[in-house]
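The two complexes that follow have chain A in common; it is paired with chain B in the first and with chain C in the second.
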Partner chain A sequence: MKRLLYFLKKSFDVFDKAMKEDSTSFIRKQLEEEENIFALITMGIFSGIPSPPTGIVLRILPHMSREISIMIKRSANLDDVFGEIMGTFNVD
Partner chain B sequence: MSSLIVLIGAAFYIVSYFTYGKSLERNVVRADGSTPTPAIRLRDNVDYLPAHKFVLFGHHFASIAGAGPIVGPAIAVVWGWFPALLWVWFGNLFIGSIHDYLSLMASVRYDGKSIQYVSGKLMGESSKYIFEVYVYFTLILVVAAFMGVFGALASKSPAILTASTLFMVAALIEGQLLYKTKLPFWLSSAIGVALTILSIVVGFLWPFINVPSLNTLYWLQFIYIIFAATLPVWFLLQPRDYLNSYILWGGVIIATIAAVIAFRGFSWPAYTGFSAKVISGQPSPFWPTVPLVIACGALSGFHSIVGSGTTSKQLDNELSGLFVGYGAMFMEGMLSTIVITSIGAFGLVVFQGFADKIAAAGFDLAKMSSDATYFGQVGAAVINSKDVGIGGALGIFTKSFGQLLNVIGVPVKLGITLGGLWASAFILTTLDTTNRLARYAFQELVEPIKKVSKGLHGFLTDRWVASILAAAFGFFLIAKGGNAYTALWAGFAGANQLLASIAMLTAATWVKNVQKASTGMLAAVLIPAFFLWITVFSALIWFLVKVVPATTPVLQVILGGFVVIMLVLDVFLVINFFKNYNQGKKATAKA
Partner chain C sequence: MNVYYFLGKGGVGKTTVSAAWSVGLAKKGLKTLVASIDPAHNLGDAFATPISDRIMHINAHLDAVEVNIEEMIRAYLNELSTKMKNTYRYLSAMNIDRYFDILKNSPGIEEYATMEAIKRLIALRDYDAVVFDTPPTGMTIRVLAMPPVSLVWTEQLIKMRKRILSTRGMVERVQGKFEAEVDGEKVVLSSSEKEDPIMQELLSYREELRALRDMLSSDYSYVNIVTMAEDLALFETKRIIKLLDGFKIKVRNIFLNKFFEIKNPPDEIKGKIEEQEKVIEKMKTEIKGIEIKDIPLLRKSPRGIDELFNIYSKYLA
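Up next is the complex of A and B:
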């Protein structure tokens, strides 16, 4: 009985997590977009967008390693953005 | 009989998974548990993030299962429940599940890139563009077909219209609870679920919304999708999709239990004839037109995009791919099996409830019960007749579903409202997401215009212009197309199946040139790919010759134009396939 209850609890946890995962994919997409804007604001100086001042950019640079690596990866995926959006905003 | 069909269906899927599915995993994909997937190799906790296989299965299934696997089989049963069931089962086994699994795994081997990107790499860049054109046409036709399906249902049921409207309010409240209050997650979820149940109960007991005319319903949907698609996702789309998952899983679990313990014989004819009048009142030969009716329940091109767009970036292990990609398609087939079972067992009971109106509309119900051929000729007309008032394909499903749930003690009308909310919630979410997607797709499609005229390009890619254009096209097609939702549904399904055929041809090229599979295993992919291509191509020619001329001038021009363009592009696609098929390994994927 105890094992059965444990199994049911585990199953419910997985089920619950799957539903959250499914619905939070939309929010994750929005987060990605916001990260892109954030990266543009904070690192735009590297691509010629004069904001913010270079001194500030250089000072925050050591804290931006994760963002930089994500942006490099995203820039490599720019020719495949639509597939990802289709995957998130599914139709069926 | 109902119990037997559900149990045979479940056994069929389980056996197929462990035999055919495992063989594909071993001999075609050669899945290797020790090879890190993109979710592991490229993990950044944002785009690439490994998920437990059960969690990913649930997420993937909820993404691929919408209103499609319900509506298609509910239209196709006019051929009889048996051919519809056969197409769902064998379409699943030989095409749909292979299509989903190989799209997912090809994407995994290409760093989680989408199938359209892979098709561009393996079959030339123009294949990628053709893919995008199909996607755009499919999205417009989805808007038109789903507006029509929802209109047909809601215009005949104040209960469902009330429940759907209240459910939208519940989703708005859920969004505020989740993101604007500090309530614990479990509590806001519980309140959301309670509000969903309340919507169903209020719709059932006090259907206070008067049903407007069909045209007003189309206008309301048009305005709704324009605004819904521009709202932030947390406001309506995300909380509604979250609550939708409870309805989906709740509906599947309750319906499965009811179908298994119903022990009900099938009164619906098993087979009504090869050329029953299914699509737009025309005699529709089962082959090749069945994929124009049953799309998502048997196979769907959209699945390849979902699988390769996001699921492939979350797959934790190559060995989980079969369970997620292949298994979720089987689960969707099981959902369609339950739809067919409920109509097979209770569809004629529903007809008997409308006996007077059926007789008044000039149909002979007694003859329908005894003469299968007659049923095939008039079945769709009865289901779709405004005078009879069943409410179209979704009407027959929801009413049969209500009868099915009555087996476990749920009042029929409550069951009907639940079934109606199940379908309508997915349709409304789909309309919202479709318009967002159509905007993106259109912006990609008109990219070449940028070189010719920057001003025109800027105008066309404006957020509002791109958004209104897709919604207006869809609205125009259904509102000025004489409410011909079965014709529009067939157009949508045809475009969707062409997408699937591109994905299958891409998969075949990948299996031959990159995976170097044996001739036998290659045939397991190549034969279904060509079978699908020939079937859909022939079906669309039939559609163009037989159905389009019988529609309104608006549909003749727009829908006919879409079909002609798709057929021409389809020829280019197959030329691309043959050009690239024998060129050996072109891309850098890891075999």
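Up next is the complex of A and C:
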């Protein structure tokens, strides 16, 4: 009985985590978009986009590791934007 | 502490006037620092003594320095590059030095470094007065405009960052701590403004910019224009006054330098003298609330403290 309850609890935990991840997947995608835009706006100097005065960029650049990694990931996926969107909506 | 800025085109006599002004203040017993932030330094020539990028004594009440802006930029970017290489290990594979070479020449970096130099020198509490011999007008206007313009950007970036943190909060409320893999390591992405280093940096920078903006438009800042009595110079002077007024920075004095004061002028320069008189008339009519002082064209450029004090006592005081 104890083993059954333990097994049920574990199953519910996994199920709960999967549902939470699923329910937040769109929000996480939105978050990545917002962070990507933030990275592009602040670091546009490297790609010719109008960007904030250099002083602001220099101040926040040491803390932008996550934003830089998102920007690099998004740039790498740019040749298959369609595939990425389909992936977001779980279309195989 | 009063801070004096002397603006003007290259060659109008900014260095001479700012050096003379600083000598005059020092003679009154005020502990004064005169600083050249013009990359084409001439302060040493005006004082007839070499001046370096380390503050040095000229006399009992007067110190001087020629700020090396290029070296400041290089040192700052080197420090940043080292910090970045330590923080972003995978970026070292991308040859990040190449990107910092771009930054060295990027628009705005010289203005940023010049404003940093101004901040650092004003922060030295040992002085009653700091006098700045500034770069040619275009650059100086961009430097003085930097705090209000940067504030606009910073406010927008703060709004964007708040939105990002709010979205993170939504994820956090559903699935608990929000973890992400960054540079091969698991990091917790906080939704709290206090724990987000970017937000903290933006908020701290905003406070610094507000302090700079308020300092430039305060009663302790004296922006002066050194110009000549010529038509084009008058147009430029009016434009500068209007531009600075937009940033709530008041121009206090206009120094009309190299002013012809010749009793029996030769024919070759009669036209110039007539132009000069018309410009002065226009200036007095069209520019109100700003004191205009004439400094005549001298037989030779003043060199050394005594000659500079002579200029101050006769024409500037």
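Criterion: the second predicted complex is superposed on the first by the 89 of 92 C-alpha atoms of A that agree within 3 Å, B and C clash if a C-alpha of one lies under 4 Å from a C-alpha of the other, contacts with A are read in each partner's own complex, and residues count from 1 in each chain.
The working rule: a residue touches a chain if its C-beta (ideal position, glycine included) is under 8 Å from a C-beta of that chain, and two chains touch if they have at least 3 such contacts.
As the structure is a computational prediction, the values presented were derived from the model and not from experiment.
*Asks:* Counting only touches as set out at the top, which of chain B and chain C does A:Pro53 meet: first, second, both, neither?
*Replies:* Touch status of A:Pro53: second partner only.
*Asks:* For A:Ile68, decide between first (touching chain B), second (touching chain C), both and neither.
*Replies:* After superposition on chain A, A:Ile68 lies in contact with chain C alone.
*Asks:* Does chain B (first) or chain C (second) touch A:Ala18, or do both, or does neither?
*Replies:* first
*Asks:* First (chain B), second (chain C), both or neither: which does A:Asn77 touch?
*Replies:* After superposition on chain A, A:Asn77 lies in contact with chain B alone.
*Asks:* Looking at the overlay, what does A:Ile41 touch: chain B (first), chain C (second), both, or neither?
*Replies:* second
*Asks:* Touching chain B and also chain C: which chain A residues?
*Replies:* 17, 20-21, 23-24, 27-28, 30-31, 35, 66, 69
*Asks:* Would you tell me which residues of chain A are touching chain C in their complex?
*Replies:* 17, 20-21, 23-24, 27-28, 30-31, 34-35, 37-38, 41-42, 45-46, 52-56, 58-69
*Asks:* For the complex, which residues does chain A have touching chain B?
*Replies:* 14-15, 17-32, 35, 66, 69-70, 73-74, 77, 79-80, 82-92
*Asks:* Spell out the residues on chain B that touch chain A in their complex, using ranges where they run on.
*Replies:* 42, 44, 46-47, 51-52, 54-59, 62-69, 113-117, 132, 135, 138-139, 142, 232-234, 237-239, 241-242, 245-246, 249, 296, 300, 302-303, 305-311, 430, 433-434, 436-437, 440-441, 444
*Asks:* What does chain C use to touch chain A in their complex?
*Replies:* 76, 80, 83-84, 87-88, 91, 99, 102-103, 106-109, 111-112, 115, 146, 149-150, 153-154, 157, 160-161, 163-164, 167-168, 170-171, 174-176, 180, 182-183, 187, 189, 197-198, 201-202, 205
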